[in-house]
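Right, one structure below, let's go through it.
As written, the chains take the letters A, B, C and D, and residue 1 is the first residue of each chain.
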Amino acid sequence: MILEGIFNTIHMLHVNDLQTTFISKKESVTAVDGVSLRIPKGKVVGLVGESGSGKSVTAYSIMGLLPAHAKRTGEILWKGQDLTTLSDKKLQSIRGKEIALILQNPLAALNPVFTVGNQLVETIMLHHQVSKEEATARAIELLKRVQIPDPEKRFYQYPHEFSLGMCQRVMIALTVSMMPELLIADEPTASLDVTVQAQIMLLLKEIQAQDNMSILFISHDLGLIAQNCDYVYIMYLGHIVEEGAPSAIFHNPQHPYTQALIHAIPDPNPDNKMETLPIQGDIPSPMNIPKGCRFHTRCPKALDRCKTDVPIMQKKGDSISACWLE
Amino acid sequence: MPYLIKRLLSAIPLLIGITFISFSLMKLAPGDATSMYRDPSISQADIAQIRSNLGLDQPLVVQYAKWLNNTIHGNLGYSFVTGEPTSKAIGDRIGATLLLSCASFGIILVITFFLGLWSGYKKGSRFDDWVTIITFVGMSIPTFWLGLILILVFSLTLNVFPTSGYSNPFLSEASSLVRLGDIFHHMTLPLLTIVIGGVAGLTRYHRFGIISILNQDYIRAARARGISESIILFKHAFKNACLPIITILGLSLPGLISGSFVVEYIFAWPGLGQLGVQAVFARDYPIIMGTLLMSSVLIISGNLLADIAYAKIDPRIGTLS
Amino acid sequence: MNSIRQRVLGGIFLGLLFSLSACSSPTQTAQSDAILKLNIGANPSFLNPVLMTDSASSSVVGLVFDGLFKRNEDLDMEKELVKSYSVSKDGLTYTFRLRKGVKWHDGHPFTAEDVNYTFDVLLDPKTNTVRRGHFIINGNPIIFKVIDTHTIQATLPQPFAPFIATLDMGILPKHLLEGKDINTADFNRHPIGTGPFIFKDWKSGQFVTLKKNPHYFKGAPKLDGILMKIIPDPNTALMALQKNELDAAGIPAKDVPKIEKISYLDIYKYSRLNYSYIGLNVKKPPFDNLILRQAIDHAINKPAIIKSILKGYGEVAYIPSHPLSWAYPKSSDLVKHDYNPQTSETLIQSLGYKRHIKTNIYEKEGVPLSFTLIIAQGSPETQKMAQIIQQYLITSGIKMRIQVMEWSAFLKVIHSHQDPKPFDAVLLGWGFDITDPDDAYTSWHSSQYPKGGNFNGYQSAKADRLLEKGRVTISQKKRKKIYTEFFQTIGTDTPYIFLFHPQSITGIHKRVKGLSKPGPAGILTRIEQVYLED
Amino acid sequence: MSKKGWASIVFLCVIGGLALVVPMLPFWDPNSFDPNLLLEPHAPSWGHWMGTDDLNRDLLLRSIYGAQISLLVGLVSVFISITVGTFVGLLAGYFGGWVDTLSMRLVDIMMAIPAIFLILTIQVMFTPSIWNVILVIGFTGWMGVARLVRSEVLSIKERSFITAARARGIGTLSLIKRHILPHTINPIIVAATLGVGGAILTESVLSFLGLGVQPPHASWGNMLQNSLNYMGDAPWMAIVPGVLITLTVVSFNFIGDDLRGYFQHDSHASR
């Protein structure tokens, strides 16, 4: 397969035909429908899509953090072990230690009533057999490493006393403290200012390189993904519609949705008059999924066939996409 | 400190407002303390003399000003009905009320804590369904009805608890341990009556709190770090869930204080509520005002304590110093 | 000793609840001491015979203090602190010789100074007492004078037959109270008297305990002490009786069959000195009409009410007196309006009223025959009775509305100073305190309206004359004749619809012995002779 | 709406329907009885499905009339609390400044006076009647609503559509009426539903103290008070109204709870 060709490495994570459904008394909503992903060791894999496309649900499905009324089928192979079959206890021992998660709003992700130090020490002591003093020392060390000034003082402060960017640094410090093999970063910079965004991305890449982590980088920002990832998945309404190397996706997108996403990126150069096709309409509700190609309701080039038949993933150009268009 | 002082100072106009409004309401009600002795054989001259002795013939504002002035000087006056100093009458009763309300408070908190936590955590489960139904029924049962039924069942039929009262007077010579046991024996049924209603109401809030907290990102993030469910529940969720509970407790303090009066009435529990209600019926103004002042002070200081506790738990609220 | 409040409230129904206050009863013996456990139903107010106004206090005060006289089970005035007395020929000067050797509970000797002090305090306007009026006759106070340490003289402004009957009030110790403000003195909560029991402890809202006075001048009581519990709710009190937490408790009539089955309890039934009635406002339509008042009297089946409300424990009332009183007329001298709906309707029709076709209510000139009965809140029995009366009247074509009022509001209406007063009719129970027919004076003399006890506006020159004559006549035989005529006048004029005299029903533990003859004063009037059998 | 919610609605419809229809039928009078008979409570039988009270009156019939009064007291008094509370809350929240300070001080004062003293004192001032009970419960229960509405208004005031409306030159009155009030309606509906249950309970306490609805008219509260003397001998007298009060209050609470869940869900979805 093409993937092996590109990376030539082992896959840490292999998601196979994942389907996640939220069941309630009134109706069931399938937020992720047949997603397959591979994440090789030491690489950054991007997952792109509009909000509501099922990116975060994919992340939570992998972590086993879905609410009780959600149902998950398919395989999630982590180093050959199917996470969907593991007991809660087993899963707990993998979370954090092997697979970590960073969320979009770093302030909300920190418990407001405990100090930053408390939460760091708690995590360190959970994953490493160290004394409290040792954990404290390590925590301060970590704060230093994620470039938080005055870490000895900051250690005793509460999350609300930190700026958003600082909070995200704390979250990264928390992640680093666990030394995971895979980090799932769910829009880690979406709530940050552009300048801070760059700093955080830089920090993440640095950490990733130093620890040889794998990252599943989830974002709605195709530009950010293209700059930072080794491989990209495009997701629309619970389906993967296109995947490939960033260069391929960016320069020769096959799926109309990917093309639309790329065209939606504003170009700072006024001379570069590329035709911009704004995506029409809103993403349909997952409670009311269109038949056939899920994108046909918004696709400018939709054929009759698109309304009835579900396209399958096939290699086209340099990437793999799911579209009936020739 | 300035915060505390500011809060305390702001309580003063509140207290003046409370007492003035109550005083006026009380005076608008027909009759006064002397109407209790209107009997055909009592001469009108006697009644008029007593009214003037008690100062009841003066205008409302004058009476209030006098009361306020005396109160500021630490003199709450003498009961019209018993001639007893108001402070002593209240002092005699407040112990019983505090005992009953503090004990019920403590028990309610403990039961609520586990019940709310678990039903919130197991939201939608059979356990949660039952807790929901039971708490709703508990909230909806009329207190006096419940109290009477408890007496009927536990006291009269099963004969395990005394019907009423605070202690067995024969035990006044017994060791303090025996006497304490006796008080608790008497307290069981009134306590149960208060606890059933209290637990029901509070558990609802606690459950809500737990559910909304368990949906927060920081809980998800903590789980993603591999933190165990028990630590999540008892450390991360618990401390946050305390915040709404403290608010509710602060708000429901007036209800708890005045609500226990029905219970005090049924079980002949010699508390402040009983004193106050009897005083309302007897138009015993000094006692009414004393009781009101006392409960207002309790309520205001309870709210203050709630605020302090809130600030202590929630670092986001400005520090007190 | 009935308190004033009891007399009013007293009414029968509330009285039922508190009736125990006047009596006492025994309990099971868990302790070696012989302690009698009673319920006084409410927290006492002043444990001071001059200031108290409630029955709970009087229950305690009656055991701690002695009066100059005491009313015995036959309602006669018996000498207590008085050894002997004489009255001057003109009926104005009474000389009382007091017992010697009587000691206060603190050991101080009792003298005439104490008696003098007690009446001084009573007459002092600064004292908040409602008893002053008993000792002021037509605006002039009775004057007391100490003759020697054990003799005291009272001088009346005019002859006053009921004087002795007011002297059962407890006497206060001068040495403990002189110079203090009696209204707020601590004495009122730690009383010291000369009576058979010594005050021990009062836990507000819980209980009062008394212990025996070993030096009591009539001999030490056989009981070691008395525990007076404060259980306001009568149902709770009844449960406490069944659980042996009380030795005696008043029993609601409906519970008698249940209590009768309990082998260790005895039930005593005895008359109480009161009556229940509907007071009609005779100053105001519709009850300014005598025929209509009589029609209503005929419309109500009193024996049936006694059966329903009192389960038969009571007798029909015809006049404002009690069959046990010496002044009560012979049955043949009573004016009776027996239950007869037919007579009632005939009387109403004679006034020109016609039944309305639709509502079936009598009306005249388009105005329906209707009125409002006000009752005081607090007694379920009173409410029940009002509803029964309502049913009787509706059958007779009279519409009666019931208005329940809180006590103070209720009293404000009936004691309003306007003329006519703003009510149509009230349902009340009246008690007698002084067992002298003169107590009718305050309720029926026209001078007592609108300010005073004559709240329904009954004014009759004939009744006034008889009442004035009755209080200055000393001979009991002559007085009985006067009052018989007075009661006949009242019976004919029907200002009240008299309903019944209820009985007190007390359940008492069998091991309580030494009970006195059951009577209006209860069964524990000889408290010093009461004992507990093991 | 949950199963409990539907069951509650059905129950309340049945009770409410009976309470509405039965008193209009000319067959029975719940207050009348034959005073010449021996009057005592009778146990449930074919003639009287739920037994009779101490005056031989049918408990089922009285319960239905009682339902009418309890529901009336509950609904109307809550309507009053809601009206007053909304009015005060709107004024305080919208105008702020001294209006806010003054009205919130008043709320603080009213809330710090133990409710029962307030109600007792007011109630004894007037002659007890159904309408006074309603007024007293209504005028002592508005403070919570005022606080709720005020905080809603404060948060709505900050939202951009209000600024936009202002920018379009919309007057204060229609701004409040058309833009602010509709947004506070959901929490008000929830508070009202829960309040009805509370008001019914308060009425029963007042009746227990003899200050509620007066005889011969039946309310569940005074039926319960009446039953206290017969707890041991005629338990049905206590059980029938006691259970009815509990079920009705539970029903209102269930519905309120469902509504709260529904509106919360709704508002999350729309944001």
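Quick notes
Note that in this section a residue touches a chain if its C-beta (ideal position, glycine included) is under 8 Å from a C-beta of that chain, and two chains touch if they have at least 3 such contacts.
Note that the structure is predicted; figures quoted are calculated from it, not measured.
Shared contact partners of subunit C and subunit D are B.
Of all the chains, the one whose CA centre sits at the greatest distance from that of subunit A is C. Which two chains touch most often is answered by the contact tally, and the pair is B-C. Among the chains in view, B has its Cα centre nearest the centre of the complete protein Cα set. Centroid to centroid, with C-alpha atoms defining each point, subunit B and subunit D lie 23 Å apart. The distance from the centre of subunit A to the centre of subunit C, with each centre set as the mean of the Cα atoms, comes to 89 Å. Mean C-alpha position of subunit B lies 38 Å from that of subunit C. Our note on geometry: subunit A versus subunit D, Cα centroid distance of 51 Å, whole angstroms. Counting partner chains per residue, subunit A has no residue touching two or more of them. Residues of subunit B in contact with two or more other chains: 29-30, 148, 156, 281. Chain contacts: subunit D has residues 124-125, 228, 231-232 touching two or more partner chains. With chains as nodes and touching pairs as edges, the resulting graph is of another kind, matching none of line, ring, star or complete.
A list of each chain pair in contact follows: A-B, B-C, B-D, C-D. Remark: subunit B residues 13-14, 17-18, 21-22, 25-26, 28-30, 132-133, 136-137, 139-145, 148-149, 152, 156, 204, 251, 254-255, 257-259, 261-262, 273, 276-277, 280-281, 288, 291-292, 295-296, 299-300 touch subunit D in the complex.
Of all the residues in subunit A, the ones that touch subunit B in their complex are 60, 63, 65, 68-69, 88, 92-97, 100-101, 103, 105, 108-115, 119, 122-123, 126-127, 158, 160-161, 171, 174, 178. On the side of subunit B, the complex with subunit A involves touching residues 123-124, 216-229, 231, 235-236, 239-240, 243, 313-316. Those residues of subunit C that touch subunit D in the shared complex are 234-235, 252, 254-255, 258, 301, 304-305, 307-308, 377-378, 380, 383-384, 386-388, 390-392, 394, 402-406, 408-409. Of all residues in subunit C, those touching subunit B in their complex are 4-5, 7-8, 30-31, 35, 43-46, 51, 53, 125-126, 128-134, 136, 183-185, 188-189, 201, 203-207, 209, 227, 229-233, 235-236, 239-240, 242-243, 245, 406-409, 411-412, 415, 430, 433-434, 439, 442-443, 448, 451-455.
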